[in-house]
Amino acid sequence: MRKTVSDLHAELVRYQLVAWTAGNVSGRIPGEDLFVIKPSGVSYDELTPETMVVCDLDGNLVEGEHAPSSDTAAHAYVYRHLPEVGGVVHTHSTYASAWAARDEAIPCVLTAMADEFGGEIPVGPFALIGDDSIGQGIVKTLKGHRSPAVLMRNHGVFTIGKDPKAAVKAAVMCEDVARTVHISRQLGEPLPIPQADVDRLYDRYQNVYGQRSPR
Amino acid sequence: MRKTVSDLHAELVRYQLVAWTAGNVSGRIPGEDLFVIKPSGVSYDELTPETMVVCDLDGNLVEGEHAPSSDTAAHAYVYRHLPEVGGVVHTHSTYASAWAARDEAIPCVLTAMADEFGGEIPVGPFALIGDDSIGQGIVKTLKGHRSPAVLMRNHGVFTIGKDPKAAVKAAVMCEDVARTVHISRQLGEPLPIPQADVDRLYDRYQNVYGQRSPR
Amino acid sequence: MRKTVSDLHAELVRYQLVAWTAGNVSGRIPGEDLFVIKPSGVSYDELTPETMVVCDLDGNLVEGEHAPSSDTAAHAYVYRHLPEVGGVVHTHSTYASAWAARDEAIPCVLTAMADEFGGEIPVGPFALIGDDSIGQGIVKTLKGHRSPAVLMRNHGVFTIGKDPKAAVKAAVMCEDVARTVHISRQLGEPLPIPQADVDRLYDRYQNVYGQRSPR
Amino acid sequence: MRKTVSDLHAELVRYQLVAWTAGNVSGRIPGEDLFVIKPSGVSYDELTPETMVVCDLDGNLVEGEHAPSSDTAAHAYVYRHLPEVGGVVHTHSTYASAWAARDEAIPCVLTAMADEFGGEIPVGPFALIGDDSIGQGIVKTLKGHRSPAVLMRNHGVFTIGKDPKAAVKAAVMCEDVARTVHISRQLGEPLPIPQADVDRLYDRYQNVYGQRSPR
């Protein structure tokens, strides 16, 4: 799990979702109340399985030589309250954060959004770092929602998944559709996809293709 | 052909036409009712000639260890109905998809568009995955049209070519002109190119330069 | 210090803050009235610790085979008047320069801006190269301001830091937030963050996290 | 000269000025009525000093195994009519072409533009490939103009320089300022730089810095 989480940070860099050290991936250790997360203030080039840190579900450091990411409390809150979640990602990716700064959800106007997010990508509340506010905002917005991504107002994106790779995929796709829908709206109104078609696409992608590894 | 198709996926990555695994190239095997296509759910880094799969023109898997791309039915429909086509590419590239989400064709305001597309890049219908709807929309739009690219509404782009490389070139050029025309229109109206000049450019590029490998 | 400054130029390239040779990093040599800066007209690929040049605080060349950067006078003025500054960076990064060309400060609508800049990123005056005008504009704008970055009107960005790495981080984050806020404003008005929350975020980031290397 | 011209194409790729094979660099052979240019239809990865071709000033192939670039006639016309020019570059770079498609010159609102271009970047006429029209449009626009770059209407950019490297630098800087000024104008009007200051900046950059290799 240390290696998986360490390696997945390279995807954040590859898809240009992060500047400097502002983004992190974590993964729940199966069968234990622990998760692996990025250490604080270490650049992506220097990440190794050994530098990763392990925390309990209250966000306390259990193993590792570095302090855990400053976003650890939010990750921990998600793992504590959403037992089906095995991976969490946080970024300030440009287009997603641009929607978040306006407190606007991203409307579902692309079949790829229907597939992956099952409809719009919702906005969560403005919340300050330092207590459970961010974690609460994420869980309150995503619980029972199809979307694995939430745009936290004036802040950035959190995504969840059954494992860290799925959460990273959601972060990559979230920025991709945030950008395409933004650009489409710059010159007019993109056409909505009828709800029944959104449902059909989502159902097929999650169920039919889900069994044989999607696309 | 396996190697050609496998290698060409690197061009989709290089020109940033694809996020995660959302894009695919296929190539007809000359003289046979078969084509090579990307396997489903395999990342571009892991593609090799061996991982490619071979399908018949109904989209059935003939050879290979992975399931074929979830877009295989659309590729197969194109090969079945357009015998001159030897390569097909599908992407959700950003700017092309942005035009597609508004159901707007890209007007011909660049000499490079006249050369390559012979006029505007047309929009195809909204169509759901799961049957022949997407393939029908592609063929109906491109049959008899100069453009080797179609913007499928609320979805993405399909391009065709005499071989897979030509289809990849069309996908690269489609995104390039989709971006340039979008950006030009952000601050005013780009000037149209008179139809007679579009015809002259297209004719020269396809015929004169076509014989000595264009540009 | 030569090696540090030389290596940090690679970050300007990596984050695409510079075209051709139009950007430079300098670092004060601790305990001496000297600083290391990029030589003029040398491409980023060819920079080595040995090609770096050393200047005194009046901008005179003290050591090195190349002429110092044409922006040396501005760097020298900053070191002369802001003794706490250990690093200075100058770029023409795209989005920051776009705000500068309109003479507009970047409003604080992202928590990452509150963390790093403590509020808006201010604009400095229009100033010509050739005397102390640029240096004066930088120092007058940044002295007593929380922001380590100033947008020089019709020109580009200067950032400062306790060391060259901190100044480079400020340059990277400045372009990142300049881009995100620009994109957010393209489709509406981003919501401001209340001043009390900006203060709380800035205080926490600079003090609490400052002690254990931020993020 | 073959090696110089071959290597400089990598800068077009690095700065993302070209898609597929749509861009080319040429260089006059000092003391002879000949120039080296990119071969037609060869990808940038495959360029070597040996694949470059040599043409006379009427654009006829003198040496080389490939056909010369389809833009050779325009390059040749420039060398024939502007004897001080030692290098020519042609691209369809995105932002510059976007201004060209609207037939709009880029206003001088950045000190880097004043330095490098001495004022606005002008637009040339619409011209078809196949005779001397493009070459005439370039020469007529640039002769006696400070700018080494011309935006050819509905087409792309041509730049000139005392040698191929200077022409490539002009192409890189042209796209850089085309992008920055475009983005600045998206949210308001960038402030013009007074003509006297433009003159002062241009004079200094070309003369004072010109003698010790600019920046």
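Order as written gives the chain letters A, B, C and D; numbering starts at 1 within each chain.
Quick note on the criterion: a residue touches a chain if its C-beta (ideal position, glycine included) is under 8 Å from a C-beta of that chain, and two chains touch if they have at least 3 such contacts.
Note that this is a predicted model, so its numbers are computed, not measured.
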| item | value |
| --- | --- |
| Most distant chain from subunit D by Cα centroid | A |
| Same or different residue numbers at the subunit B/subunit D copy interface, by half rule | different |
| Distance from subunit C to subunit B - Cα centre to Cα centre, in angstrom | 43 |
| Centroid distance [mean C-alpha coordinates] between subunit C and subunit A, Å | 31 |
| Overlap residues in subunit C, where contacts from two or more other chains coincide | 186 |
| Chain pairs that touch, as defined at the top of this document | A-B, A-C, B-D, C-D |
| Residue numbers on subunit A that touch subunit C, as the complex places them | 19-22, 40-41, 67, 69-70, 92, 94-95, 97-99, 101-104, 126, 128-130, 153-156, 182, 185-186 |
| Touch list for subunit D against partner subunit C, complex | 15, 109-112, 169, 172-173, 176, 179-181, 183-184, 186-191, 193, 197, 200-201, 204, 209, 212-215 |
